[in-house]
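You will see two complexes here that share chain A, one where it goes with chain B and one where it goes with chain C.
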Partner chain A sequence: MKAVTNHEAAKATKTSLNSLLHRHLPWVLLSPILLHLLIFRYIPTLYAFFYSFTDWDGIRIRRFLGLRNFTDLFSDYVFLEGLKNMAIYTSIRVILILSFAFIAAEMVISFKNANIRTFWKIVFVIPMIVPLAVNYLLWGFILSPQGGMLNSLLEVIGLAEMARPWLGTSATALLSITFIQFPFVSGLAFLVFVSALEGIPADVIDACKVEGCGRLRRIIAVDFPMLRGSMIFVGVLVTLQGIQTVEPQLILTKGGPGIATESPGWFVYRAAFQYGEFGLAAAAGVVMVLVGLVFSFYVVRARYKGAYDVGQ
Partner chain B sequence: MSVNKLTGGLSLRQLRPAIVISTLGLSFFAIITWYPLVFMVATSLKTRDQFFQNFWGFTYPFDWQNYVDVWPRAFQGIQNSLLYSSLTLVLTLIFSLLGGYAFGRFNFAGKNFIFLAILMLLMVPGIVTIVPLFVLVRQLGIMNSWAALVLPWTGFEMVFGIFLMRLFFEKLPHELFDAARVEGAGELKVLFFVAIPLALPGLGSVAILDILFTWNDLVWPLVTMSDQANLPAGPMAMLFRGSENVDYGAIFAAYVTLSAPLVILFTFFTRQFLRGIEGI
Partner chain C sequence: MNKLIKYATSLAALTALSMGSAAADTTLKVNLGNFYMPDTNPELSAEAQMLADEYEKLHPDVKIELIPHIADADAFSAWLTTRFAANDAPDITWQSGYKKIAEGTDNWAPLNDYFSKPNPYVGSGGLGSEKWSDLFPANVLNQTRGGDGNWFQVSTNWVETGFYVNQDIMSKQGLDVDSWKDWGDLLSACRSLREVGVQPMGVFMTPGWSTYQWLDSIIATGSYADVIPSWYLEKYSNEYQPWRLLTQEEMARAVHLGKYTTSGPRFDTYLGLVKGIADDCLVEGFAGIPDYDAVYNMFYNEKVAMVWLGSWSAPSLKDLPFEVKATYMPAFGPEQSKYEVHNESYRVGGPSSSGQWGITAQATDRGNLDQAVDFLRFLTAPVNYGRLAMLDTGFIPMVKGVETPDISANFQAVAQLPERGFTDPIARLTPKFGTAHNRLLQSFMLGEMSADDLKVKYQTAMDRAVEDLCLENEGEWKWCSE
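== the complex of A and B ==
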């Protein structure tokens, strides 16, 4: 008898414990997450804004500067050149990456056989996994003046007079780093487009065929509008990457020759870790996030203005 | 017959112009994408003399000495990468799973606000917080250790992971969870025996993004790892260039060695990888 009550009491506590857990489970699950994000994301973000108003060497705040860092930035011709380069680099790359990835995805889609499609996907996926640093270093070799692959190729096809130190000439350096990773097929954009194209419902395409539309008509009338969401998604990713770009400078050009390939990301890196100007670096970072925010605001607004996408 | 083979079993009649153009175009893209990688492998197997004799192709016999020379340092980088990336992966998957489950399967006060607050972090790129994070890591005294990479990386990667896992859990039918509860399974049982097995495909997508991110990050390891022996594979590659006289054979042998682990891993799991990317 006693044992039964005990058992029932235990069962009752267990269920009440369970319902208690059920009610608070989301918070139990979320608390370590929020704690981690607080320490490693929210506080650093707030500090970035705070320090951007100070003269800070990373250890102590020397002075409170108000907006001085920002006015300094916008009268610094190196930073301004960086912003200009960023705009050129990012816009060209968005166009190139979207177009090449889209063309390649359309080509893959024209095969009806699933195995052939998978084959081509694999061909372009594997190079994606080579580390970014190795990729850039390899492009450094392609573009290098002595024994570089591009110059050697030009020599072989009889255009030796076109050979030049691509990264070492002010006129070509920025464009050269913009074309790194040509033809841009091996990347997320291509895979996203292929799976979005594969996701277009068959009846839409059949309707198009009944109307008698050819390949080109289909691309313009069906694929483009259907892929709008994916295009915006990829475009935002590429733009945000472009705004933050620092790898080509870090690995290949150091912002040179002169200031030909300066970028805001490289400016932040140097200000903080070479000159110890942490306050100025924080301010440059804040400018970059604002540029990104303005951009993503417009894109998100465009996305919700009647964009329709099958992929997502 | 040969045409049949080339077009994957299509008969000549089916050989439409679109197929021809696509095959040619994709082959062109593939050659430009792959040739530098093939060149890298070929050069890594050359002595200095072989490199100057034949620039473009493979030369025989292969010279493995380059690999022997770079192996100790390259292996160090690979070991470091394995440690940092796998720790980050485990943490990111746990956090993404728990967060996605909480947001995807429960209603609670302030849910939307908190979710939005987490999602907002996607708007804050790494370069903005690099300076405060650097100072934070220094104050915590974890500079030059695995924690300096793993903890901030996890903070970055889990945001999109939670987002993906929420979408994933919301798409799963209620009944799967309700059935377990009716059977008398407690909340933790439901989490471990229902949610986690169902979540595996979603976690696969999170894992792929996470591995690519930690494998490719350059700036943060360079900033936090003052001891070069602690660098992960990617940044380690930068150390092999130009220190001595430019010996492309050795440099490229190092690049190949440092790239190999992940390429081999993903070659084995290509189909899962493709499926994971499509789940994004």
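== the complex of A and C ==
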């Protein structure tokens, strides 16, 4: 009798340990990530909010300035132009990246043969391993005013009069950096769309066929609505990238000609690392965070309004 | 029990030993600029490493940790700023002289007292054996002294910029650079090249640092040459330099007193010259070329007839498939600037070169100042520095007793020209003003901004920079309250 009780007690202990482990294991496993996020993301961001009210040179706080950094920012035509450029750059890139990735995903998904699909997925994904900086350097060669690949190509196809210093005039510089990585199909957006399209239930497609859907009709009536969540997800990511962008300025234009390619990200970099005005840089960073947060809030809220996503 | 005591004793001895050796060791973190870039310049880096090893042998309690230099100026600046912010700046590091002067004692240790003491690595009776500063020419010392009278760097070499010409292209068009008498001849040659579809001159211009800055400083000097000496402040002047580069404080004072303003006729002359060279000479797309290497490649690939590069590029231009001639900008004639007084062009060079090493204030905080000074004395002893100089071709050594490599000797004629009066825009007032200057000039030169609009914005940028500088130097720059 006693042996039975012991056995039951041991079993109960094991069960409760298991359940404890089950309940807390995710916390244990997630805690290093949480710690990492706290140390390297949340705490620096909170610090940036604090420093944005100070005259901080990166080493010491010289004085508290209240809102002066912010008033300086919004009276600085360079920063304001940067915000405008950011809006143009980001909007165009969101539209281009979503469109081209969607078209490419639709084309790939149209292959019935799984091997061919896999081949195209690999073809589009391999360029992702090229570091971003290398990508921009390559585009520097493409857009170079003397002997650049784009101008050379225009000459070869008889459009020499269209050749110009793409990054060398204000009229074309911002659009030129916006089109970097054209045709935008290699990347996360493409993968997300392909997966989402592959995840559309077969019966929905079949129902569409029964209704006499052609290819275009199916894309409009089925694919678009069902990919709404994926599109918003990718759209938010691309927008946040656009808000933070600094690579084209750092590698190619330094914000010029004039202020044609200025951006808030480049403003932050320059204020901090070239002028030693870390307080002002923190204030600009705070503005970028707020813009990102407000945008994400509204977009994500809209995303859940009457959405029906693949997998729901 | 005995065993336990034995272990405890051994452990204590080991701990004491390790603590003892840690306490005796001094590690100096050293960035020697171009002298230590193992990936791109292995030979020179090996020699620098060898010197560090030799120093360690002489001083077994000191370890020299050489940090590879970052060639890109912006990336290096970001790296060093971050190291300062993290309280982990190198003890000795390369940095531009004007930045050291701008940052002053906040980041750099003054070397004045050390300069007046002997360099123990120079043989008895040799130059420097009484005063370390005797090893360096007076003009180098004058040019690297800050407004507060402090020296924050040891300058071991001199750099020049040169104007390289593709002789094959020029001859084909019947042009001869030796026949140029003044700036007008240069522009006329540029126009001839443009007419036949040849891009005349490779210069790049960005809102950050660019080779255009050299051109700008020559043009600005030519437009203000007659009044520049009247802007000098007594405290920076000396009898050996009746004509010299304006200091940051002198520039700021000239702006403050309305001597340097956008409303005068000299500024119009300056704008006219700038626009003239942009329209006639500069390579199409000059404002969209990202860096020095891109301009170098244009010349190398025969996309431009002429290019303005540093003397350090001379070694790599020796064996090109076309004939290269090194020359220099012609002087301004009275037709171009009636304010010109020298009848010679101005050199853009000086001790702002690969050998400008400063000791950080953080080295002083760590108690490493004396040791860092000692290592610099070791490096600058002619017998040691000579070994580096012979491999660092393209630069002119400025340590007395060190011979000049043949290839740098070509630039010694340029080094004899009068110094420019205006420095690079990024160093004239504040770095922020420098960016504003470049931005505005880019727009103006491209024809995207009118002269009137530029003048208003330029004056605002200057006034703002002077306001900032006066705030930073409150109490020291007495004229700010005039």
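The rule we apply is simple: the second predicted complex is superposed on the first by the 271 of 312 C-alpha atoms of A that agree within 3 Å, B and C clash if a C-alpha of one lies under 4 Å from a C-alpha of the other, contacts with A are read in each partner's own complex, and residues count from 1 in each chain.
Going forward, a contact is a pair of C-beta atoms (placed from the backbone, for glycine too) under 8 Å apart; a residue touches a chain by one contact, two chains touch by 3 or more.
On a predicted model such as this, the values are computed, not experimentally measured, just so you know.
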| item | value |
| --- | --- |
| Partner chain in contact with A:G58 - chain B first, chain C second, else both or neither | both |
| Chain C versus chain B, contacts on chain A by residue | B |
| Partner chain in contact with A:G147 - chain B first, chain C second, else both or neither | both |
| Touching partner for A:G255 - first (chain B), second (chain C), both, neither | second |
| Chain B versus chain C as contact partner of A:W27, first or second or both or neither | first |
| Touched partner set for A:F224, first chain B, second chain C, both or neither | neither |
| Partner chain(s) touched by A:I129 [first = chain B, second = chain C, both, neither] | first |
| Contacts of A:T169 with chain B and chain C, given as first, second, both or neither | second |
| Which superposed partner A:R270 touches (first chain B, second chain C, both, neither) | second |
| Intersection of chain A interface sets (partners chain B, chain C) | 58, 140, 147, 250-251, 269, 272-273, 278 |
| Contact footprint of chain A on chain B as seen in their complex | 8-10, 18-19, 21-22, 25-26, 29-30, 32-34, 36-37, 39-40, 55-56, 95, 98-99, 101-103, 106, 108, 111, 114, 118, 121, 123-136, 138, 151-152, 154-156, 158-159, 162, 186-188, 212, 215-216, 218-219, 222-223, 233-235, 237-238, 241, 248, 255, 258-259, 262-263, 266-267, 270-271, 273-274, 277-278, 280 |
| Of all residues in chain A, those that touch chain B in their complex | 14, 18, 21-22, 25-27, 29-30, 32-34, 36-37, 39-45, 47-48, 51, 58, 100, 103-104, 106-108, 110-111, 113, 115-116, 118, 120-134, 137-142, 147, 149, 152, 182-183, 185-186, 188, 191-192, 195, 215, 240, 243-244, 246-247, 250-251, 265, 268-269, 272-273, 278, 281-282, 285-286, 288-289, 292-293, 296 |
| Interfacial residue positions of chain A with respect to chain C in the complex | 57-59, 78, 140, 143-147, 164-170, 173, 250-259, 269-270, 272-278 |
| Chain C to chain A touching residues, read off their complex | 74, 77-78, 81-82, 84-85, 87, 103, 106, 199, 205-208, 283-290, 294, 298, 301, 303-304, 430-432, 435, 438-440, 442-443, 446, 448-449 |
